[in-house]
Every structure is written in C-alpha cells, then in structure tokens.
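What follows is a set of structures for review.
One chain, subunit A, links the two complexes that follow: it is found with subunit B in the first and with subunit C in the second.
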Partner chain A sequence: MGVIRRLATRAEAPVFPVVGAGGRLRASELALLPGIRLVGTPRAASVLLIIGDLTPALVRPALTVHDQLPSPRATVWWPVGADRGLLQAWPGLVTVEAGDAEGLRRIFAGLVEGRRASDPPLLLDIEPARWRGEGPYGQGGTGMTGGVPFGRPLPGRAPDPDGLELDQLPLHIGPLFPPFPPGLVLDVALQGDVVRQASVGENPFRSWPGGPDPGPLDTGAFVEALTTPTGVAELELSRARHHLRWLADALRVHGLSALATRVARLAATLAPTDGPEVEALVRRLRRSRSLASATAGVGAVDRPAADLPAGPVARAAGAGDDARTDDPAYRALGFEPVVHHGGDARARMHQRLGEAVQSLELAGRAGEAVRAPGPALEGPRGPLRRGRPTPSSALVALVPTALAGSEWGDAITTVVSFDLDMEEAALSEVAGVHS
Partner chain B sequence: MAPFAAALAVVLATGVAVLATRWLPTAVPSELTAPERVPFLGGGLPEVHAWSRYHVRYYAMALLFLAFDMEMVFMYPWAVVFVEEGVLALIEMLMFIVILVLGILYAWREGALRWA
Partner chain C sequence: MNPVAAVGVVGGVLGAGAYALAVLDGAAARGVAGMPRRWADVVVEPARDAALLALTRRSTTERPDAQAWALAPGLLAAMAGAAVASVPLAEGFAVADVADGIVLFGAAMAVVMVGVYLHGWSANSPFPLVGGYRFIALALSYEMPLALVLIAAALPAESLSVGAIVASQAGSWNVVRQPLGLPLYLVAGMGLAFWGPLDGADGADLAGGTAAEVSGPARLAWELARRFVLVAVALMGAAVFLGGWHGPVLPGAVWMALKTLALLALTVAIGHRVARVRLERFVVVAWAVLIPLALVDVFVSGALAL
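This part shows the complex of A and B:
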C-alpha cells in the first residue's frame, strides 16, 4: 500500500447523511463524532449514511443521491427505532450500530485502501432527456444562439417586478437537502436567485400505506409529559437542549461550522448550571456582524403576530402567548414568557436563545417540582394539545408566503428559522401517548 | 540569468498544464451513468433545461462603475497639465467630479444600488 493511500485512510471520512424516520436526534450528534466530516453535497462524500428508516417516498430520493456520490462509495445504515424493512432490499448496504463512528471509519478506510469494492450505481442508466444534437458539435438547432436546445424543455417565462419577461425555473429541492429539515420538499419557481413562488411538496413521512408511524420524535419527551407527571427541571432542560441543537444546525447553515460544533457539544452535555455559558454565547452571536446581516429583516412573516401559530415564532414577533403561563407548576416558579420584537430570522434566533437561558434558570430553581399531566404543554416549537394539530404542521403552512419574493439564500435562512420537523408535521394530531 | 530562468519557468508551467489536461480526463473515470451525472437537488430531479435567462440585477452598478472608470481616463491628461494650469485645473476637475457624484446620489435615491 502506497504512502498516499495510507495517509488518506487517516483523513476524516466525508459523510453525506440521509435522515429517515426517527433519525433526527442521531443526526444531530454526527458533527460531534471524531474522524467524520459532514459534507453538504453527495459529490464530496465517500459514505452515504442512512440514519433511521426510509419511508416509501424517501427511497427514490435516497437512490438518486446514492448515485450522485463519486466512486469509490459505500452505503451505511444506522438503524434507529422501527425498521419496516424497506432497506433490507438495498444492495450492498452495511448495517452499523447507530452512533458507531469507528465502524463508519473502518468502511471508509476499506474503500480508500481498495479492500472494499465501490457500490455500483443503483439506478438504470437511462438518459431521462436525451440530447438530440444538430450541427457538427451537436450544439442544438439553428439561429443566433444555436436555437432551441433539445433535451429537457426550456423553462417558461413570467413577468418580473421590473417589467421584464424572464425565465422562471421550476425546481423541486429536497427531501434530502442538508440545510433544510429532513423530509422538507420545497417546490420553488426561481427567477435568477429570487424565489417567485414557493410551496411545500408532499411530506415523505406521510407515505406509509397505514398512515405515519412516528419514530422517536425529537420532542417526544414533551408529548409524553402530556399524560405522565414530569419534573419541571427535566422538561426545561430538554427545551434548552432542543433550542441549542436548533442553533447548532442554523449556525452550520450560516457557514459557522466550528461554532456550530461547539454549540452542539454544549447541547449534548447541557446542565442547569450552564446558564452563564449560554449567555456568553448569546453575547457572542449578538456581536457577530455577518450573522446580523444574514438574518436581520429576513423571513419576516407578513401578518399580525396574533395570527401566527403560537410558539417561539409568534413570541419572536411580539405575541406573548405561552401555555406555561397557565400551568400551576410554572406559576409557582413565577414564570413570565420571553418575548422579542421584529418577527424576523434574527428575532427568532434570539427568542430561542432567550428561552434557552430562561429554561436553564427555571431548571436550576425548579428543584423537585413536578408538572401534573394537563391538556396543554408548551413544547419547544409551540403548544402541544392532545388531539390538536402539531406545532410543525402549523409552521409549515407559513413557508410559502414567507419565501415569496426573497433571494434563495434568505429563503434558506427563513426555512431554517422556523425550526420545522417534517416527521412531526406528518402526524395529523398530537398523540396522547408517545409510541 | 534571470530572463533565462523566467523563460524556463514558463516552458515548464506550460508543459505541466498540457500534460495535466491530457492526463486528467483519463485519471478521472468518465463512464458515468445518466443518474450519476444529474445535478444535486437534494434528491429531486431537474424538469427543465438549465438554460435560463435571468435578470442581471447589478447592471446599474456596472454602469456606474463604467462612468467612474472613464472618469479615471480623463484624469490622466489632466494630471499631465496639472502643474502648468495650477488651481484652475483643480477647480475644473472638482466640478467634473461633483457632476458625477450628483449622478450617484440620484441613482442612490432611485434605489438603483439595491441588489434585488
């Protein structure tokens, strides 16, 4: 084995994650694992890592992404929660215990050393839109610019705010687009980099014939607390942890990966005494001018705060509704909801951070206080009420109007700032007992 | 010695570039299947051709840049006669720049410097 190969096996394994049902919490730990580098596109990856179970609607996108990995490539599966067997048919799939970074690295080293054969392409080699070229170089038809090219049809045209008729590119982004929450399919019409129309496509987590079957949801602890007495300290700690995990994802999207990893590490080991550390983080983020210019005024929802679905998004726009205000356990602790103004992506970030700081402070003071089961509980994305729609499904409905007219980069920031969970949105209502 | 070394460096660099362009296509396997060549859209597939005419929104900025670029061209002959003409030349150039700056202020007020 040559020196270069031996050095290459020691490099970090470039991994592209495919997050299936129940895999979201596991996926948030990926950045903390040693020897693994998360990449934003399959073109830069050697290992396709499937976390959790694939639903029927996720199979085709996963196969598409698999074939977009350059050779040598391998597919690894981290099983989490229920396994409904769709992945058993995946050729060459290696099952590794979820969270086992060493197993992933061994497969990567095998690929580099040549001990392990590269995965063959899984989709049929059929050109979806054959280029029927004309002319000596197949450059297209006739006319000044080569005429109308053959192959895929040309995009249609639509008026532009400046009074021009310009091409409008229809695109379906997702459900495996890393900056977006796993499972979000966004159908956008782009003029240049400006989103003219946006709508949310069919939720892949709803594609099981018998209806959605939730894996371990990242807000599962809160759903369980609807029916079982739970310690206030425990609940508030999970809330702070949830917000910090969201922040880590958001910072990674904004290109602040090193800070994102630090925040993810803080979230993983969070204790009620970490309040000062989170406050230091808040001060640091307030000072960051690049973050301010990327989030200030972006994704402001164009409607009164009172009409927004209750939760951190509405509180960031000035509506003070919080299900904890009416909760006797929280009233005993003197709970007052945190409220921000502006209702843009920046306000949402500081809203969540403010709530995280408050949650840690409450968790420190709550002691042994227990919250009795009640009809409503404030989850990290909004109020959870048995038999009522989930907070994520209400937030997904905000996406089309919030994105229309924004630039693509701002559109990503906006989607991230809503903190959606498509698995939660697939559930028609909040279940009484988390299964 | 120095010109010889420079020429050698140019010849060497050209040689490396030619060899690289010959060798790279053989080193990178090109027998990709159709699904392997599809652009990454997060699992989605493109429907329409990527030829798309879009609005060059920076055109106003590009025009302003050209105006000030040409102003620099006028400054070269002005600099040659500046010592002869003295303060008069300075005042004339200031008048010229003021007219251009008024143009910028107008473009700014009209929102031409907004990106999108």
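This part shows the complex of A and C:
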C-alpha cells in the first residue's frame, strides 16, 4: 500500500447525510463523532449516510445524491425506528447500528484501501428529457435566453426592483439540501442572488400510501407528556436541549461550524448543572456584533404577532402566549414566559437562547414536580394540543412570504430561524404517543 | 534567477504557507469546538485530507465548460504565484524584484475575480453560478480599498517596489505609521480569498458555491488555490505593513515567515469568530465606510510624506 493510500485511510471520513423518517435526533449528533466529517455537498463525500427510514418521495432524491458522490463511494444505513422496507432493495447498502461511527469508519477504510468495491451508479446517466432547444447552443427562443433544452427551462426574464429586465432562474431546492431542515422542498425563482418568489413543495414525509407515519419525532418526549405524567425537570431539560440543537444548526448556517460543534456537544450532554456554561455561551452570542448584523431585520414576518402561530416565533414578535402559563405545575414554580420584540431572525435567536436559559433554571429547581397529563403542552416549537395542527405545519405556511425579495443567504437564515420539522409538519394533527 | 529555481521558491513558499494555514485552521477549529486532539494528528490531518482527495475520482456535471473548469484553479494559483514572486522574502532576495511590485500585486488580485467567476460559471450548475455572481458583485468592494491602502503604503517609500516599501519601514512599521492600512487590507484580502465571514462565493448556504460540484483532484486543486491566494495576501501584508525582514536577532527570512504566519493565524481566528456577513450590507459598508477610510489613509499618508 502506497504512502498516499495509507495517509488517506486515516483521514476523517467525509460523510453526506440523508436524513429520513425518525433520523433527525441522530443526525444532530453526527458532528460530535470522532473520525467523521460532515460535508455540505455530495461531491465532497466518500460515504452517503442514510439515517432513519426513506419515504417513497425521498428515494429518488437519495438516489440522485448517491450518484453525485465521486468514486470510491459507499452507502451506509443507520436504521432508526420503523423500517418499511424501501431500503432493502438499495444495492450495496451496508447496515450499521445507528450512531456507530466505528462501523462507518471501517467501511470507509475498506473503500480507501481498495478492499471494498466502490458503489456503482444507481440511476441511468441519460438526458432527463428530449432536446427542445433551437440553434447551436439550444438557446431556443429569441436572443440569449428562452427555450427548454432537455426539459429544463432556461432562465426567463423579469423586471427587478430597479426596473431592469434580468434573468430569473427557476430552481427546485430540497429535500436533501443541507442548510434546510430535512425534507423541506422549495421552488424558488432566483434573480442573481435574490429570491423573487418562493413556494413550498410537496412534503416528502407525506408520501407513504395511507398517510404519514413518522418515526420518532425530535419532540417525541413532549407528545408523550400529553398523556403521561412527566417530570417538569425532564421536560424543561428536553426543551433546553432542543433549543441548543437548533442553535447549533443556526451557527453552522452562519459559517461558525466549529462553535456549532461545541454547542451540539453541550446539547447532547446537557444537565441542569450546566447553567453557568449555557449562560456564558448565551452572553457571548448576544454580544456578537457579527451575528447581530447577520440576523437583524432578516425574515421579519409581516403580520401582527397575535396572528402568528403561537410558540417561540410568536413570542419573539411580542405575543406572550405560552401554554405553560396555565399549567398548575408551572404556576407553582412561578413561571413567566420569555418575550422578545422585533419578530425577525435576531429576535427569534434571542428568544430561544432566553428560553433555553430559563428552561435550565426551571429544571434546576423543579425538583420532583410532576406535570399531570392535560389537553395542551408547550412544545419547543409551539403548543401541542391533541387533534390540533402541529406547530411546524403552521410555521411552514410563513415561509413563502418571509422569503420573497430577500438575498439567498438571508433566505437560509430565515428558514432556519423558523425551526421547522417537516416530519412534524406532515402530521395534520398532534396525535397520541410516539415511541 | 534561474527560472526553475524561481518556480521552486514560489511553489515552496505557497505550498508551505498553505499547509501551515490548513494546520492553523484545523487547530483553531478543534479548539473552538472543544475537541481535544493530539498535536501530531492536527499536523498530519491536512496531508490525510489531501491524500484522500487525490485518490478520489473527479466527477463531472452535464455539459460543463471543461477547459475553463480546469483552468480556474490554475489561474488563481498563478496569480498568487505572481504576487509572491514580487515580495522580498529576505533583505535583497525577491524572486522577481519588479520596480512596480505593488501594481503587479493589484493586477494579479484583480484577475482572481476572473478565476473565481470561471470556476462558478463552468460547472454548468446553479449553486456554483450563483457563487460566481456573488464574487463579481463583491469584488470591486475589495479591490478598491486594497489598491488604496497599498498606494498609501507606497507614498512614504516614494516607490512602487515592494523592496523599497520594506526598506522605508526601517524606523517604524507601516502598521504604526498608517494604522488604518492593515485592518482595511486584511478585510479586502480575506474577501479576495473568500475566507471566513467573506466567503460568499463558496459559502455553506450555497452547498459550497463555486466548489459545490468539484470532487477529487479538482477539489484539491481548488482548495489549494484559494489558500495560495490567502498566503500571498498574508505575505504581502507582512512586507508592506509589518516591516518585512526588519526585526532583531533572527534573520530576515525568519521574521518574514513569522509575520506571515501571524497574519494567517489572525485570519483563521477571524474566520472562526465572525459570522458570515450579509452581502448587500457588506457592499454598503465597503462603499460608505471602508473606501472613504482608505482615501483618508491615502491623503494623510500623502500629507505626511510631503
């Protein structure tokens, strides 16, 4: 074995994750695993890591991404929760226990050492549609633009705010675009770097015949608490962890991936005694001028706070509704909701930071206090009420108007600031217990 | 200088600089993330990553502009090389001590814009293209302050030669005489190397931007080329603002290396501490604040030089 191959075998395995049903919690811990590096594009990956179960609508995008990985490549599956069998037919798939970084690394090393054959392409490399352009470059219609070579329209033209006629590129982004929450599909019209229009595409987690069947949701502990007596300390610790996981995602999108890893570790190991560390982190982030300018005024929602779906997004716009206010267990602890003003991405970040600190503080002094099952419970994305729409499904509806007219970087900041979960959004109503 | 030796020296400086940059970045990332790692691992890590990329196949897209795609990293590397050649690495030793070294550097950095846009354009894919657009939209905001602070540095030396500018700092360095110069230069330089908070062209929000579609050796070439640009920027910054080879006890070449490493470490630290800037906002700041400050720098330096 040559020197280069020996060196390459010991490199961190570059992994591109495909997060399927039930995989979100596992995915949030990926950055913490030794010997693995998350990459933002399949072209930089050696291992395609499927976490959780693929729904029918996720299979085709996953296959496309698979074929974008350069050789040598391998596909690893971490099963989580239910397995509906769609992945059994994936050629060359290696199943490894979820969270087993060593197992993944063994496959990577075999690949690099040449002991393991690289995955063959899984899709045919053919034109997606017939050539329909005209002229030597398939430019079609008149002038430089127009026409539909190979079934994909060339950019059309549309006026921009300065009154110029500029190219407008129609793009279909998702469901595996890394900065987005897994499963989010956006159809956007981009003019240069600016989103002119955006609409949310079909949710792939709805594609099971017979309706959505989510794996374990990342807010599962809260849904369960609707029907089971649960310790307040446990619930609030889950909430603080959730907000810190969100913070890690947000920091990664803001280009602070090393700091994001530190926050993700804090989220994974959080205990009520970590209060000082979380407070120090929160102080540092609140003081950061660059984070403030990256989020201030971004993704402001253009409706009164009272009309927003209740939850952290509404509280960040000044609406103080919080289902915990009416809960006897929380009243006994003197709970007062955290509220911020502004309703932009910055306010939403401060809101969640504030709630994380508050939750940790509540968890520290709740002692053995138990919350009795009741009809409503404040989840980390908003109130959960049996038979009522899930918080994410209401939040998804805010996306198109919040994105129109913003730069692409701001659009990503906005999407992340809503803290969506497409699996939760696929459920038309909050159901019973998810194991 | 013998052309082969010249290429060797320039390549050696760029290569060593890029490796040091990768090690510094890896160490900083580990530190910020709180993942302790053995020093030996941190030092070897970039070589391992490079070896993996070298063994990975390059992939292609549908109908890319193959020649331009292959040319782009070469263009960036060549421009970084041209810049390095004009910087004296020790007293009286530059690969090519051209009389107008500052002008050559400015011109080379302007061509970087072409290289980055080519890289985005030629992949024939939306995210790289948008990354290329972004760089074009921002580049003028970098070029202007860069050119102005370099002119200001040339004024006390009464020469456009980098060697003469270093020689003029025997008494006090430009970082002291022209306090506005180095900060403005670093902002512009990080922009040109699309590094840290100014990584619009290859940003994570575009799945890697112009580099979203490259893999294997092509990815290695691009990652090297952009680091070469940052190394060239740091080397020129060390010469023009930090007094180049001047320094007590140690030989001049060692001082140049230390000062260049210090600037690289500073850019790495900024990259891990400062969030990605909003592009439109940055352009406003560049034209309303950075360029006027650079003009003040030129006028004050000019008045003092009279």
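Here is the rule we use: the second predicted complex is superposed on the first by the 409 of 435 C-alpha atoms of A that agree within 3 Å, B and C clash if a C-alpha of one lies under 4 Å from a C-alpha of the other, contacts with A are read in each partner's own complex, and residues count from 1 in each chain.
In this text, contacts are C-beta pairs under 8 Å (C-beta built on N, C-alpha and C of every residue); 3 or more make two chains touch, one makes a residue touch a chain.
All figures in this text were calculated on a predicted structure; none of them were measured in a lab.
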item	value
Side-by-side fit of subunit B and subunit C on subunit A, or clash	clash
Partner chain(s) touched by A:Val112 [first = subunit B, second = subunit C, both, neither]	second
Contacts of A:Glu407 with subunit B and subunit C, given as first, second, both or neither	both
Subunit B versus subunit C as contact partner of A:Arg5, first or second or both or neither	second
Which of subunit B and subunit C A:Pro175 touches, first, second, both or neither	first
Partner chain in contact with A:Gln68 - subunit B first, subunit C second, else both or neither	both
Touched partner set for A:Thr41, first subunit B, second subunit C, both or neither	both
A:Pro121 touches, of subunit B and subunit C: first, second, both or neither?	first
Touching partner for A:Asp162 - first (subunit B), second (subunit C), both, neither	first
Partner chain in contact with A:His254 - subunit B first, subunit C second, else both or neither	second
6-14, 42-50 or 96-104: stretch of subunit B that collides with subunit C	6-14
Doubly contacted residues of subunit A, that is, touched by subunit B and again by subunit C	41, 43, 68, 71, 169, 171, 177-178, 192-193, 407
Contacting residues of subunit C [partner subunit A, same complex]	28-35, 44-45, 47-49, 51-52, 54-59, 62, 126, 129-130, 133-134, 137, 196-197, 199-200, 203-208, 211-216, 219, 271-281
Touching residues (chain side subunit A, partner subunit C) in the complex	3-5, 7-8, 10-12, 14, 34, 40-41, 43-44, 46, 68, 70-72, 112, 150, 169, 171, 177-179, 190, 192-193, 251-259, 261-262, 265, 288, 290-291, 293-294, 298, 407-410, 412
List of subunit B residues in touch with subunit A within their complex	29, 33-36, 38, 40-49, 51-55, 57, 116
List of subunit A residues in touch with subunit B within their complex	41-43, 58, 60-65, 67-68, 71, 121, 123-128, 149, 151-155, 160, 162, 164, 166-167, 169-178, 180, 185, 191-194, 407
